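Right after this note come the structures.
Look at the two complexes coming up: chain A is in both, with chain B in one and chain C in the other.
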Partner chain A sequence: MATTIQKPSASSSSTTTTTTTFPASVFRALTPAAYLHAHLTHSPPIRPSTRAPSDFRPPVLNTNSLSHSAGSAVVRTGDTAVVVGVRPEIVGVKDIPGHAEILKASQESAGEAQDDRVEKLGLVVPNVELATGCAGSQIPGTAPTRAAQRLAWRVREGLVGGGVVDVEDLEIMWDRPVIGDEESSEEEEEDGAMEMEEENKKVKTRGEVVGYFVLYVDILVISLAGTPFDSIWAATLAALRTTVLPKAVYDPELEMVVCSPLKEEARRLNVKGMPIACTFRVFEPSRFKGLKDEKKTWLLADPDEMEEELCSEEISAVVDCSNAKLGTQIRKLEKTGGWVMGAEEMEQVIESSEKRWAEWNGLLEEL
Partner chain B sequence: MADRRRNNGPPGGSKPLLYSCMIKSAPNKPTRPTRTRKPDELRKIYLKTGITPPASGSAYLELESPHHSPTFLLPSSSALKLSVAVHGPRPLARSAAYSPHLALSCYVKFTPFATRHRRGYLRDPTEKDLSTQLETALRGVIIGERYPKTGVDVCVTILEGEEDRWWAEEPLGGAASVGGWGLFGVLAGCVTAASAALVDAGIDCIDLVSGGVAALVARPLGNGDDDGKRDDGVGGEVVLDPNPTEHENIVAACVVAYVASKDEVTLLWLRGGSSSETSEKLMDGAVSAALASRGVLEEALKETALLKFSEED
Partner chain C sequence: MTTTILHPLSSPDGSATHTAHGHTITAAVNGPLEVPRRDELPEEATVELHIRPATGISTIRERSLELLLEPTIRRLIRTETYPRTLIQLTLQILRSESSSTNTLTQVPALLGAAMLALLDGGVALRTTVVPALAVTARGQGAVLVDDVTEYEGEWDGTHVFGITGEGKVILAKSEGSFGVEEWKDACAVAVQGIMEGEEEDSDEEMYGDGDGGKQETGREWLMGVMAEKESS
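So, the complex of A and B:
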């Protein structure tokens, strides 16, 4: 094989160094940095995956294919595939230590600050599972790796800190009848509620929070070939947007929340905004042996596995252009591992992210 | 004990949803689905290889989705969906003892949303048992002597499992117990998909191995003489590829991993069924179910081969 001069295949047709007697795949395995550099110095610059540096991989989205989830989505971008299932459970107010104080605090600060009950009570619980054999380094039977923990944390931050889910949407209300003495024996443990009860004695019934839906967002990476966060985030958003919560009624006799199994009584979860994550990496050839003289750097959108290994500087932006009045909102900006990116490149990142946002929005809007 | 490596729910814990139809007196009870297939007819199988490109071999298996009721939020039953990734052959760790054969390790894991009852993140005994059974089934076909000092990992992720029984009849809607009849179907699916993934990974095997399930279903009383041939004297009927939600009382079930060219069974798991006569019938049924799923397996692998060889040209 190595002795014959192979015709460069479609993906490597742009390599300028065709004098080699090795097929492109050997070249790629031996000197990945030079291989990537050779592609990028071609005019117009092209990546080994035949994408242009600013091109993202086209996304494929499927929703609601899992029976036992209230909402689910499968996202595939290139060779990266992610499955997300959202599952609601119920937590009763009695099981939340110090709930009365938390509720009071959030009611007092209503209108001034964002209601932080979703975060304080832990009502949205995302977890990322990488140990599915999705890549050679991810073998099951081990505790979540640092990468998995970091991804889960980033999703949590985005969902909870970003206010994607409103606590009002997760509340389970009950119109408690107020009949004077009778109820006082029932709720000795709810001191906070008692105080407020006194203020409202004239009213026959009063809306009261009896519990919350807890959304368990389980994210499974089925295939990992670079940039998992973008796919994870989009799949999570899609799953949440398709989530249907049943009508939940508190049954005072059973002292439990009972849900209606009827579809017509169920409601869609309200997801605020349309934040989309876009990840870029910077290729800096001067870091590699043999390419020290190269001063130029390249910004690569949606890097694949090989590019991720070669580029240490990563920038991840979460943008939301859904509000036409405000224009492009930057929900989050993370940059790690290098010194190349400046203000100018940052603008390029945001511009590129806007385009990607429109692409995702087209898929997610219809859900 | 909170798991510090994962995001945990509320500290006080949360409970699964309780639907009104699970309470005895409530109206709006859904009805049990009934089997519309013939006793020897399998559910449609969708099998595709190469869904995890970073792995050396992979496969995805899905069973025909049941018809979901338009009025109920809850699914009437589930459809098996699983993905298999094979990693290897690769060198064993330096610290590992010398092994003259291939060291095969199987990991079967249900996702938290695979069943009606939310599963945990850690492997439970059921999953460990399934892993061991799958390993036994695959060991019988892999030519281990060709891979000394080598390891292969077979990772199965069950995205959606089979159900153990009709859920609406239980107070907790299927939450209480694990390890019921549904596991038979899951194991058969694992064997078939894992065999496809092994071939996709190019690991030497003597033949394909496919899984099949048969169950002995007790007839409802007074309905025993419409099909005399299948009546085996104990008032039961052998059905292939049973969906446990569709049958009120499964008496016994059997799963086999069958190697057709050698007419060998690499795995047999039988539960229930007292007489040797019924057991034999069950095994025959399971073997014919395995033969049927082998047809799907062969077709899927032909497609894979066509794709692979056209790539190399």
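So, the complex of A and C:
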């Protein structure tokens, strides 16, 4: 910015009003809150990044750019850039302690409650790394920061609790041949299969879970300029939507699961719904020296790094408008650090999120 | 059932043990303390929040909860009263009835314990906060609940609120599937339950031991706890 902003000098005791003129960058460095406030009180209000308060940064999406992962995506919104790669690994049920009980519990509660095997068995493992130098606060050689850990947990919550990935998609089944009735009654098995057999004695095989695909979701934030979660979440969703799992079969002779190298036999991972994360911050000038009399507050969509530092109140919503019958479903809503936004104002947040959802949906739907 | 013990620990400046929604938390607050130079803020206090699980060491689950609660706690404390100092808050989970890794139902107990410890420690606050837990079902009203696992109706959305002394929402965390109308409903029910008392048809017990008569509201509960402290 080459323009200069005039700021009246603070010396109110003297009668002569002197005016100091200095570059915008100095103004920003000295009093960031007043700098942001000066922008927002323009008509129409504008943010230092030239966005309107309700504007999100336009997203850019690239998929399958990593050749060695099953699915990957690169998302960039403004100066925040995120790479996500999905790597499947196979775990046999023999290596999962207590698997039989967990499987039984989930089959008994089938229909009533959501199958929570993805959570219990840890079949989706997200990891977030904030790359060294992606932001000024990221210094090399340190343990994962609390911010990175929180992001990883939120991704996990979204993938596991939100039912985005179905456990059926990760199961590796084997049709176990059944020899005679005695053997089958000796073995532990579900009631449904028993009944089936009584009905039709000719059934010679029985579907059995022999293993699972575990999806490692590795998230690398290469550049961080505010609102990392929105980009991370969109990139994760895009990566999962492009994930291709090979056909896996159990070989009873080798006693292990083998994967088919054929591309034609591989299948796409089925991702349910289209939850999109939208983050907002509330700017309260009255929290800062010299702006105490300003009663007005501003809701800023998709805040950048400077805005995040100045705004304590954060609202983060995950909305899904893909189900036309239910309309807008809010899957998650988090608000902390302030009390400006109440029940009435939340409508504005959700309305804004719906618009953002349409924007992301346009990009992600085609994958 | 909500129970509270004020000042169970003798060495910290303030402490409280709080049970709510099946979680028992002991909170301890120390401050103002000397702050490590790299964390020192020239014009306000540094606020640190630590959450320790009942078993094992803290994981990303606790880190996530810390970062959710920290901005709220920082906003509650008059940090400008204690420049260049540290206010340290430790929340130890003593017992959790639910084995689920879901963090949501733990939030009200953590927030309640933190609030009580801050009051017990005499830390200057902007306002008080009282937590509430509510559930909503699509197309139906919201209900305040004591324990989600014992709630007998069907629900799609679980909501946690932290309501300030002025009846405003400082903290909210919701999960499930719900519309904005249901969220507003849950919010209104939470504010009402804390500020004015619940409606007659509610059979859920929120605070106190409900010895017949009118339900105690969240605010009355907090006032009662503080009155007890003053008299002791």
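Here is the rule we use: the second predicted complex is superposed on the first by the 321 of 367 C-alpha atoms of A that agree within 3 Å, B and C clash if a C-alpha of one lies under 4 Å from a C-alpha of the other, contacts with A are read in each partner's own complex, and residues count from 1 in each chain.
The definition used in the following text is that contacts are C-beta pairs under 8 Å (C-beta built on N, C-alpha and C of every residue); 3 or more make two chains touch, one makes a residue touch a chain.
Because the structure is predicted, anything quoted here is derived from the model rather than measured.
**Student:** Aligned on chain A, chain B and chain C: do they clash or fit?
**Tutor:** After superposition on chain A, which the two structures share, chain B sits beside chain C with no clash.
**Student:** Of the two partner chains, chain B (first) and chain C (second), which one does A:K335 touch, if any: first, second, both, or neither?
**Tutor:** Only chain C; A:K335 stays clear of chain B.
**Student:** With the two structures laid over each other on chain A, which partner does A:C259 touch: chain B (first), chain C (second), both, or neither?
**Tutor:** Touch status of A:C259: first partner only.
**Student:** Which touches a greater number of chain A residues, chain B or chain C?
**Tutor:** Touched residues of chain A are more numerous for B.
**Student:** Taking the superposition as given, does A:G161 touch the first partner, chain B, the second, chain C, both, or neither?
**Tutor:** Touch partner of A:G161: chain C, not chain B.
**Student:** Looking at the overlay, does A:G85 come into contact with chain B only (first), chain C only (second), both, or neither?
**Tutor:** Touch partner of A:G85: chain B, not chain C.
**Student:** Considering only the touch criterion stated at the top, classify A:Q149 as touching first (chain B), second (chain C), both, or neither.
**Tutor:** both
**Student:** Roughly how many degrees, to the nearest 10, is the angle at chain A when you join its Cα centre to the Cα centres of chain B and chain C?
**Tutor:** Angle at the centre of chain A: 130 degrees.
**Student:** Check the residue A:I102 against both partner chains and state whether it touches chain B (first), chain C (second), both, or neither.
**Tutor:** In the superposition, A:I102 touches no partner, neither chain B nor chain C.
**Student:** Figure out whether A:G133 sits in contact with chain B (first) or chain C (second), or with both, or with neither.
**Tutor:** first
**Student:** After lining up the shared chain so the two structures overlap, which partner does A:L123 touch, if you call chain B first and chain C second: first, second, both or neither?
**Tutor:** The first partner, chain B, only.
**Student:** Once superposed, minimum distance in angstrom between C-alpha atoms of chain B and those of chain C?
**Tutor:** 5
**Student:** Which parts of chain A are in contact with chain B and also with chain C?
**Tutor:** 149, 152-153, 156
**Student:** Show me the residue ranges of chain B that touch chain A in the complex, using the header's touch definition.
**Tutor:** Spelled out, the residues of chain B in touch with chain A are 5-21, 23, 28, 30, 51-55, 58, 65, 68, 70-75, 77-79, 81, 83, 85-87, 90, 107, 109, 111-116, 118, 121, 123, 153, 155, 157, 159-160.
**Student:** Would you pull the chain A residues touching chain C in the complex into a rising list?
**Tutor:** 119, 146-147, 149-150, 152-154, 156-157, 161, 312-314, 320, 326-339, 341-344, 346-347, 350
**Student:** How about chain A: which of its residues touch chain B in the complex?
**Tutor:** 65-69, 72, 79, 81, 83, 85, 87-92, 95-97, 121-123, 125-127, 129, 132-136, 139-141, 143-144, 149, 152-153, 156, 212, 214, 216, 218, 220, 222-225, 244, 246, 248, 254, 256-264, 266, 305
**Student:** Which residues of chain C touch chain A in the complex?
**Tutor:** Interface residues on the chain C side: 60-61, 63-64, 66-69, 71-72, 74-75, 101-103, 138, 157, 164, 166, 168-180, 183-184, 187-188.
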